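Heads up: the structure comes next, in structure tokens.
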Amino acid sequence: MSVIAPKFRLGYFLKGIFDNAFWILTIVTLAGIPAIQIVLFYLELPVIDGELLTAFLAFTWLFNPTMQVPLIKALIYSDLFRIVAFPGFGFAALIAAGTIFVERKMLAKLQLRVGPFYCGKVEGILQLAGDGLKLISKEIIIPAKADKPLFWAAPVLFVGTAAAFVALIPVAPGGWVVADLDVGLLAVFAVIGFFPIITILSAWSANSKFPFIGGIRALHQMVSFEIPLILSLLGVVILTGTLNLSEIVESQSSFPWIIFMPIGAIVFFTTMLAELERIPFDLPEAESEIVAGWLTEFSGMMYGLVQLGSYLKLYAFAALFVIIFLGGWTGPVFWPPLETEIITEGIPIPNYAGDPILTVNAPGLPLLDQDPNEWVLQQQGELQYTSGQLLVSGVIWFVLKTVGVIFFILLPRGVFPRIRLDMLLHIGWYKLIGLSFVNIFIALGLVYAGVIGPGGIL
Amino acid sequence: MAEQVIPTKKMPPGLQVENVDDRIMTLNVGPQHPGSGHMRIIVKIDGDYIVDADPDPGYVHRGEEKMAESRNYITNIPHLERPVIHDSCNILYPYVLGVEDLVGIEVPERAKYVRVIAAELNRCIYIQYWLAIYGIFLGHSTMFMWPAGDRELLIDLMEKITGARVTHAYFIPGGVRNDVPANFEDVCLRQVNYFEKRIKEYADIFYDNPILKARTEDTGVLSREDAIRLGTTGSVLRASGVDYDLRIKEPYDVYDELDVHTNVLKSGDSYARSKIPWLDMLESCNIIRQALEKMPKSGSIRTKLKPNPKGREDEVYRRVESGRGSAGCHIISRGKPEPYRLKLSVSSFRNLIALPYLLKGEKLGNMPAVYWSLNYWPVEADR
Amino acid sequence: MGTATGIIKALNSGIKHLAVKRFTLRYPEQKLKFVGDGYQFDPASGVAIAGLKGRHMLFHDHCTGCQLCSIACEGVAEAIAMVKVPDKWGQNAKSIMPQIDYGKCVFCGLCVDACPFYALYMSNDYELSSFTKEGLIYTPAQLQVKPQVQQDSELIIDKRGARHG
Amino acid sequence: MADALFLAISVLTIGSAIAALEMRSLVYGSIALMGTLGGVAGFYVMLDSPFVAMFQLAVYVGSIAVLILFTVMLVKRELIFKKIEDPKRKFAGIGLMLIVILALGAVIMDSGIKTISTDSEPVDFREIGGDFLTYYWPALILMALILAGSVMGALVLARREDTIENEQ
Amino acid sequence: MSKSEKKVTSKDEDKKKSDEKAIGDAIIAAANARREELAKEALATRSNKTLPKEIKEKPKEEKPKESKPKEEKPKAAPPSKTDTEEVSLPEFEKSFVDKISSQFTGDVEVGYIKENRTRVNVKKEKILEVAQFIKDNLPFDHAESVTGVDFPEDKEIGVVYHLGSYTDPTYSKQVLALATRVPREENPNPGNDSTKLPSLRDMFYSVEFHEREIFEMLGVYFDSHPDNRRLLLPEDWADLPPLRKDFRNKGR
Amino acid sequence: MSNELIEFVLISVALLGIGIYGLAVKRNAIRMLFAVEIIVNAANLNLVAFARFMPHSGGQTLALFSIAIAAAEVAVGLALIIVAYRMYKNIDIADFRSLKG
Amino acid sequence: MVGESVASYSNVLLMFGFACAAMAPALLVSRMISPENKKQPNPVKTLPMECGQVPSGAGRTHFMMQYYAYVLMFVIFDVMAIFLYAWGSSLLDLPRTATLPIIAFLGIMFAAMAYALYQSKRKDIW
């Protein structure tokens, strides 16, 4: 009945807050600011408008409206922004959160129930935030005799590995990718190879039977489906002759590869489900056999981190499917429907006195134009689209396709039961590997018949 | 003589216990396990195979039989339905029939029909609940939600009849406690028809699902001979090809006036055992419609009983076909208002014996499918 | 090929049901409508009248303090105790009336069947939760209060499925 | 920046190589071995051979380390944490190590390797695939034979002998 | 149903939902006071014997003292039909019971023959042979239920096997009760005293768990049963076997 | 941004020394496998380093072959260890005496 | 120049490091605000999950799955699959005769895979 703790005193509470604030301030002053300065000493600072951006300049410019846009632009084109926000972690986490919401509501609709409903007034849109708050405020219980360092590290490493996977995904044209690698596809395989290790280590470290069985199952499953996963993408590599994911997307500007390689797409989709441990392949977490599999001993926020990691992984796999088989960001470019005045003259932004100090050219989206001259070139008719327009429409297409693929990843959860380990291995080793070789031979045939490739018909 | 009778099952050759001594892991599946119900199964596994399984029921034992010895025939009614609250009419049925025999009381015709309707509705309610859990045991969450939701249609009907959603305490020696409400026939017909339409939709997503078939077919096969030897009953027995349904073989109340069909499958695997209850539900809908049609439109519903009825000095053994199989009630009376000894011979307890037999040599992944396909209700087995 | 068609059928069935109406009863906003005013019993005919077995209602002007309800409950739940009431009633010489502990009551309705004086029946009120165990004990004075219930949601079956409305 | 990275990776590689051999628990040893292998992959990246680096990561860390970990977990719990070594040979081993490192290091430092540096473009990884199938194709076939032989041999070796009688 | 208007509507007690705490306290106080009152009154009235029955504690029914073994009432049909059917025993049932009783004259005694239900009482030494005979010569192939009954007056415990038939359609209605009795000891030591019976598990496999239940509930040890272990009761149960009549329910 | 060849070669020498130490001292079969892997990696590192500094693809190709054969070797080696463990319930190679002929 | 391409690769590492660094505080905060009774720790609470029973035996036991063969096979065929990428990425630049060795390679690997699958299907020997 009691919401407030019985020994609650307002004075103690305030004192606690002041104490904490004092100590935080002290520590920041004594340790934080020197640390930031040491880091800044080693970082290469960007040059904006011919001036090296120092911390002092940054703080000064922050309040100067004319310099804010270049400042933000410089921030957007820094590596930090890519890693933290747009093609990197923030974007992926946003889509992952959306995935969780869509999954719950869609599954509820399929099962003729309501789903999350009350949290956030509108169809339970804040349920995820509520769940996060709940998870973070729960006690973390470490099983006795567990291998503590490994056990603590496993969820963090899981999220980290999933994020490393996300780093390889190109989202939009013009190099909007955290790490643009020549061997991107191989890097994907290398990163995927880390998941079974983390799984089995966390399972082993818990010193409990059910996680151990679940971890061994997860190992078998991931390991067995890695080979069809690798082989099913070989067809596309044969046809494009590159391992760079951005180049693979650009090779699909006229048609997506799924037209020629439906078998490869089906095999890749199936292996994707297995690697993601989603129903019908969720054997490592089969709750009616081994309580929650390798997640049994995780509690509180550790479990939340593992879930976050798995949904990041889900986004990354869906994006990989889109990139390789559905043409990534390719699609008709949207022209923002604005008045010609705005297009030609831009939107003036006045300062406090009413004098126009800055003009924002809306369709070119100057914030996102890498080259400021693109707008001029486009006005002269030498450039069809600025990179900002390409970025916006590319991201929209990419997100639309990814959400479609995610929908099909989520749908089996409502339709299929879980299968058994020996059936799973049988499917992986017999059927999928055979099918992926069929796919490779189709690709070879396409090349050697002269349909695709150098001097081909298409 | 012993060797030829006791069923033995061939194990894969690598799984003899003496060979794999140090590789065996003992798992306690239950009582706090999402795949066990209120029971513990001590499972010894070697890798992916179960080499030994030992069911350990009793976590919800409440001594109904002992408690019944100190309560009179009427006040026993709310207690005896407790073991299977989802199937409370059917678990009360043999007791009520037995007490009627002992006390010597006739049941009005209309009450018999109402009893049949209530019992069949309850059977469907139970099977829906069972099916929901079977779905979630196989990881099929839609098959958990759909039966649990559609069950509401019938619970609503039972609530209209008896005034309670579960634990109806509706049957009483001499009839039923109250008459059905006005225009009940129309509502019942409408909801039962919709219910039948709904459960036919389970076929596409569940029973004809190739993954489910591949998963449960040929797992936990119980042959006809073994099913008889092990004394199994109900859906387990009928899935193994034995045509034995007490509604036909030993008709009670008005089942002999209705056109009752029984469903028998030959294969005896988990899939057949899970399909029989579904077919039973379709059959129950037929029976309810027939009973609604043939039911006398008016008439007495309950023969008045003396306040504290005393049974004859005799013993009776009555049995009915409940949602899980034969439910028997053995009452020994000594001429007192209380039974001297009351024994519930319930089908869950009888089917439990097949569990270790079926699990041996099976894969661990098959354990929930085999276990729940036995139509086992832990509380009923424990009583 | 049977496998492929089966998978496609299952997926199709799943997608089709995305358009079926939701069946959930949104409980605190919607409440089911019940038959009649509750479970009642007619001692003259010996047959009860259908209705929800909710919380009891006690008519003080009919209760004679005969304890039959208490005796009936003794074999079931021992939820009914006879307590003294301050008021004086002509038919109730001892001034004792049933007090019901809903922490123990199983809502079987045998006490209603046992009452020969039309004093006890069960109402449609089923929202009895309380923060304390003592809050579940209903005195005769509380039992005679007629519950205020708003129950009007019904099962509606139409072409797009069943729902509560 | 590159020097710092090189320093970090070399510390990781050497340190985890020592840890792989000296850690008490075999599981931690395996993890340390993974660190060594990953560090070597990092060197490959610094040497502009990304294909080899990714191959190293995918094969060594992704599969060999998994196999080692899995096998380690099959071993009894006490054995994982037991240290089996000859204390007598320990100092001899350290001496041997030092001799090898010093001698080889001296030879190398004395040779002309020290002065080698290059400004040429790195080799494209597609050339490797071309090499495989044109110049080195007998080696490729030979390697296929080796891989085939090893998988057969490993499977025949690893199966349990004690149940073969029961099979017949 | 007369639902007349209530005469007394006390406003104070009308707000059970709104103010639980106050009401709760009031109820506790009132209930406690009334209980004390009631207890005093009950104490007072018990001596005066004005109340017909006590409110809280009903005296336990006395055990039946001079009940007879059941064999002496062989064919008690329902009393309404007694006049018509008592004379004519059901033919079919009689035929197979006669088969058993003619084979083991002296050791087997017919309990009753009713429609679809028959009972034979067997001496405990002969139970294996009779079961084997039934298994071999009659189509009874499974045991539906095993009931253990305690008869403290006779110092005996009865065990009744209810046998049924799946294979033979003509027998599918029949339930044959195969009853026997074992001596009962006042201070039971399950497994180590004279309360022992041969197990029928080899004949009717399905009795395995039933016999385990009887063992723990009544203390009848079954020889040659593979595992006479606890089934339902907790592992640390150290009381009497609970279905014996001298084991008392708490509060009853 | 310039790394010299000598640095990589020295790292390789250090790894080789550690591997030799492990082979000499450890009796644990799995640890000896670790040592072997470290030595193989040292060799591969040398191969790739020299290939980079005298631009030629042969070094990388050889390194790929070497890694592949190491995978084969680990598979067989671990199978051997499992067999030995099953026979002797130990992974101390001092106990694997009867494997001698 | 040697080592020019490190920058883009180090971005992957940076992303990994950022995710780890961003997620570790979640655990720390959770540890700080969670209602743990540090003075009287409950030993029963930290027992490993054993379905409500007292755990028997060690969690990390010697435990052999019947599918060990698949893990062994993975090591070999993973090598094969990535070797195929070396071929596949350069296929368009190669003469057509270069396909013959890869077909021989695949033939040998198929034979090995067939044998390995035949062996691993016999689950009772693992």
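By letter and in written order, the chains are A, B, C, D, E, F and G; residue numbering begins at 1 in each of them.
Here, a residue touches a chain if its C-beta (ideal position, glycine included) is under 8 Å from a C-beta of that chain, and two chains touch if they have at least 3 such contacts.
Everything numeric in this text was worked out from a predicted model, so none of it was measured.
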Requested in this report: Write down the chain pair with more C-beta contact pairs when A-G is set against A-C.
Outcome: A-G
Query raised in the report: Centre-to-centre on C-alpha atoms, which chain is most distant from chain A?
Result: E
Report summary line: The distance between the C-alpha centres of chain F and chain G, rounded to whole Å, is 21
Report task. Report the inter-chain centroid distance for chain D and chain F in whole angstrom, where each centroid is the mean of the CA atoms. Result -> 5
Report task. Return the distance between the CA-based centres of chain C and chain D, expressed in whole Å. Result -> 73
Requested in this report: Could you please state the distance in Å, as a whole number, between where the Cα atoms of chain C are centred and where those of chain G are centred?
Outcome: 57
Requested in this report: Quick one: which residues in chain C touch 2 or more of the other chains?
Outcome: 7, 10, 13-14, 23-24, 49, 74, 131
Query - Interface hub residues of chain G, defined as touching at least two other chains - result: 1-5, 9, 50-51, 57-58, 60-65, 67, 71-79, 82-83, 86, 88-91, 93, 99, 120, 123-126
Query raised in the report: chain E: which residues touch two or more other chains?
Result: none
Query raised in the report: Which positions of chain A touch chain C when the two form their complex?
Result: 1, 106, 108-114, 117, 411-412, 414-416
Report summary line: Note: in the complex, chain B contacts chain G through residues 12-15, 22-23, 25-26, 28-33, 36, 40, 46-49
Report summary line: Listed in rising order, chain A residues that touch chain D in their complex are 42, 147, 150, 181-183, 186-187, 189-190, 192-194, 196-197, 200-201, 204, 216, 219, 223, 226, 241, 243
Report summary line: chain G residues touching chain A in their complex are 5, 8-9, 11-20, 22-24, 26-27, 29-31, 33-36, 43, 45-51, 55, 57-61, 63, 65, 67, 70-71, 73-74, 77-78, 81-82, 84-85, 88-93, 96, 99, 113, 117, 120, 123
Report summary line: Given the complex, residues on chain E that touch chain B span 60-61, 64, 67, 70, 73, 76, 78-80, 116-117, 132, 141-145, 147, 149-150, 160, 162, 166-167, 169, 172-173, 175, 177, 201-210, 213, 230-234, 242-243, 247, 249, 252
